[in-house]
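Take a look at these structures.
Two complexes come next, and they have one chain in common, subunit A, joined by subunit B in the first and subunit C in the second.
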Partner chain A sequence: MSDFLGYVLTGLGIGAGFALVGSGLVAIYRVTGVVNFAQGAFAVIAAMLTSSLLTAGLPHVLSESLAVVVAAVVGVLVGVVAIGKPGTDPGTSLIVTLGLGVFAYAVEIVLWGDQPRSFPGLSGVATIGGARIQAHYLLIIAVTVPVFAALALFFTRTDLGKALSACASNKYAARVVGIDVRRMGLLAFALGGALGGLAGVLTTPVQQVTFDSDVTLIVNGFAAAVLGGLTRPAVALAGGLLLGVTQTLIAGYGGGAYQLEVALLLMLTVMIVQAARTGPVREAAR
Partner chain B sequence: MAGAALAVTGASRAFGGVYAVRDVDLHVAPGELRAVIGPNGAGKSTLFALIGGQLAPDAGSVELDGVRIDRLAAHRRSRLGVAVVFQAARIFHGLTALENVMVGAHSATRAGFVAGALRLPAHHRAEREIQARALECLALTGLADWACRPAEDLPLGQQRALQLARALCGEPRLLLLDEPASGLRAGEREHLAELLASLRRSGLTMLLVEHDVAFVMRLADQITVLDLGRVIAAGPPAEVRANPEVIAAYLGASA
Partner chain C sequence: MKYLLLAVVVVTLALPPLLPEKQLAVYILLGLAATVTAGVSLLMGYAGQVSLGQAAFYAIGAYAAGLLSVHGVPSLIGLLLAPVIAAVAAVLLGAPLLRLRGHHLAFATLAVQLILLSLLGQGTWAGGAIGLQGIPRLSGLKDDIGYAYVVWAVLAIVLLISRNVVASRAGRALRAAATSETAAAASGVPVGGYRLAVFALSAAFAGLAGGVYAFYLGYLAPGSFPVLLSIEFVVMAVVGGLGTIAGPVVGAAVIVLLVQFLNELGTQPGMPSYAPSVLSYAVYALLLIVAVRYMPKGIVPTARRLASRSSRAAASPSAELLEERA
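Let's look at the complex of A and B:
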């Protein structure tokens, strides 16, 4: 029983990371209609940068915060290239982000090499209900939950959040009421970059990072986000947590090698079900 | 509301070599209610988009109070006071009716996102003023009871009215309306006519693209008639109605 609880808590920690990557995808997709394939790169860059900053002697928290800010800036840069030219359709932007994601590999290898990196997180082991888990997993959960609450408040309670929601709902109408849709898109990319970066700095202490870690992150993040049709952050959180727990349970009681396959299978199932249910109708409504 | 003067001069726009609008002149005085009519495919919607900013002209200019706006993005024109009400209900789902109306005013006033984010007193004051005006605009368009409902719950006719409320809340100087009467029931149509008449009395400049000739004949100060992308007649309603070219264009289109 304590094994089970341990797996669940660990899974929640891992899942929170997926949810953060997924929510970054959602933030960008809602506002711009672009599925950002460079999302995983934000996490990798932030994680690599944090390891460098810590090595250089900067304290924790400051290093992580700086890395998240840099990830947000990288997000804006990706946004400028992907959606900066007026009239770029989301399909074209998607391919641009895919290209940028691959380009990021080159930059990461030049700057940080091709070896796995990690840095210490919150040390120690916590005991909850007889289950012993690394304390860092609890930290991931403790950071992720308020971040999602803040996101929800931001989108529903602030003018800027409402303007972003307006862009998400109807770009045409947003423009005629004076909202600069492109600037809102770049803002969404900044937000996506920060969320991706946060995922990177939070999860690296428990699972290392290499330049191509973005594939795992984006597949899991996408699987989490697609549950909510890529538009609902709250569902992305639930999806991420579910995915994390499922993967940890499978790893714990059986084949640890099948984690990514589980995510892919879940993603495919959800997409097929959703396409069968709402696909053509939604396309027509856009 | 002080209306602005609109001047469209020599505007042309072609799609794949076919002119949708060709060498169109349209001068609307401040405070005037101008209707643009014409048979299907006359270029009404293209002209509307050239003024609203959804399309840029291939040639010619669009000026608002003497300032060229034809190369500006739609959101820039909006901030200069050009408000648009589309024929299709283009509203924001996921926001309430009141929020839909306020979004427009926020962008127009630009009280500042920084002030908003920090919840400064200036922001609170601006917020209250905008909310009061938004409620006024909702009442004006008969939507007072819907203020706190999600916008997508409104019946279609009310969604159109919501667009109008949103446009008015930005305190525009030029209001563009694309077939506002189409699909409305007789009572709603009457209400809309009254509202437009009262807006005209307040001095707002309006440009109305409309299919329903009878509806504009009694409302408009001046009517411009388009056919095959060109202006074939312009003048007061009575004059336009008697114009043989106009009669021919409409009979030709319906025959």
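Let's look at the complex of A and C:
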């Protein structure tokens, strides 16, 4: 029983990371209609930068915060290239972000080399209900839950958040009432960058990163987000946690080698069921 | 146009005996890349779908040919079965997956490739992470020049099939479906069936190239088919020009030669050890972004338009104006 509780708590910690990557995808997709393939790169860049800052002697928290801010700036840069030219359709933007994700490899290798990196997180072991787990997993959960609450408040209670939601539900109407849709799109990219960066910074102490870990991150994040049709952050959180717990349970009870397969099959099943339910594709009016 | 084609045929056929061994390997890999890209181009240009997992079918073809021949099946039969097995896999996978569109399909194909790589890495029957070793060479082919001609023939067959598919009734139907699925379906196009057929055909191209690759190298490992390889095929297809016959060849040639040149540059003394990989990542990324942003139709259609415009402008100055207005 205590094993089970331990797996679930670890899974929640890992899943919170997926949920953050996924919510970054959602933040960008809702507003711009672009699925940002470079989302995993934000996490990698923030994680690598944190390890450098810590090595340079900066204290924790400050290093992590700086890295998240840099990830947000990188997010804006990606946004400028992906949606900066008016009239770029989302399909084209997907290919552009794919290119930017590969470009990030080049930058990351030049700056940080191609070896795995990590840095110490919250040390120590916590005992909850007889289960012993690394305290850092609890820290991940403790940061992620308030972030999602703040995100929900931001989207529903502040003017800026409402403007973002307005762009998400109807771009034309948003423009009519005077909202700068392009600027909101870039803001969404900044938010996505920060959320991706936060995911990288939080999960690296328990899962080291290499320049190409972004593929696993983006696939798991997409799997988390796709449950909510890529538009609902709360469902992305639930999806991420579910995915994390499923993976650790499978790994814990002997199927360690097959955890990625299970996550991917789950994602494929969800997408196919969704497609079957919504029926034939809706086509954008031309 | 005909003379250009003839010239390309003559030059590419005359080239292999003249090339030193190292360049011959580039020639062979370029031909294989162009073969896979022809399928990607057909899929993206005519079925309007992005596949980020085309290297999975390349791997399926390669492993099919490799495993068959390791277990004593004549190599020629292994090579012929490789595209068939890849196409069958594509039909089985495509039946559920092709319900998806756009970014959903892109991620689904990516997921398929990750699953395949993971299974190959764990399956002892496929050599596991160490790889499948001791694949015999194609019977009767001793040296690399022979492989260069095999690749040439494979690419020629694939391009011929593409051309005929594009010109056929099915090709027209697919173009219609890529523009508007609803309108095409309303006009009686069996969109789902055709889409699956193109998916299977592109997988067969990849599988055939994979089969040749297996016999040429004699060794396969999951690491030979990374996700980045799938992205490379997309880059080649987009840069060359989607939905054209020459596009995949031009795209593959431009990128393979450029990456080869940068590799030489990156391995010069004095360059850091990471230089070759950094340069090739940067090239893929920048070419892809520049092509999508500034030359969305790709090299071949853009060049063709420029050529026809300049020749017509020379004939009558008003032709260009007319074209602009149209």
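In this text, the second predicted complex is superposed on the first by the 278 of 286 C-alpha atoms of A that agree within 3 Å, B and C clash if a C-alpha of one lies under 4 Å from a C-alpha of the other, contacts with A are read in each partner's own complex, and residues count from 1 in each chain.
Note that in this section a residue touches a chain if its C-beta (ideal position, glycine included) is under 8 Å from a C-beta of that chain, and two chains touch if they have at least 3 such contacts.
None of the values given here were measured: they were computed from a predicted structure.
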### Task
Determine, under the contact definition given at the top, whether A:V215 touches first (subunit B), second (subunit C), both, or neither.
second
### Query
Now for A:V176: first (subunit B), second (subunit C), both, or neither, which partner does it touch?
first
#### Entry: First, second, both or neither for A:S2, with subunit B first and subunit C second
neither
#### Entry: Touched partner set for A:L100, first subunit B, second subunit C, both or neither
second
### Task
Applying the touch criterion given at the start, work out whether A:L260 contacts subunit B, subunit C, both or neither, answering first, second, both or neither.
second
### Between subunit B and subunit C, more extensive residue contact with subunit A
C
### Query
So, does A:L268 touch the first partner subunit B, the second partner subunit C, both, or neither?
second
### Overlap of subunit C and subunit B interfaces on subunit A (superposed complexes)
none
## Note on the structure
As the complex stands, subunit A meets subunit B at residues 86, 158-160, 162-163, 165-166, 168-170, 172-181
## Note on the structure
Listed in rising order, subunit C residues that touch subunit A in their complex are 50, 52, 96-97, 99-104, 106-108, 110-112, 114-115, 118-119, 122, 180-182, 185, 227-228, 231, 234-235, 238, 274, 277-279, 281-282, 284-286, 288-289, 292-293, 296
## Note on the structure
In their shared complex, subunit A is touched by residues of subunit B numbered 52-54, 73-75, 78-79, 83-84, 86, 90-95, 99, 102-104, 106-108, 113, 116-117, 163, 166-167, 170
### Residue numbers on subunit A that touch subunit C, as the complex places them
35, 81, 85, 90-92, 94-96, 98-103, 105-106, 109-110, 113-114, 212, 215, 219, 222, 226, 257-258, 260-261, 264-265, 267-268, 271-272, 275-276, 280-281, 283, 286
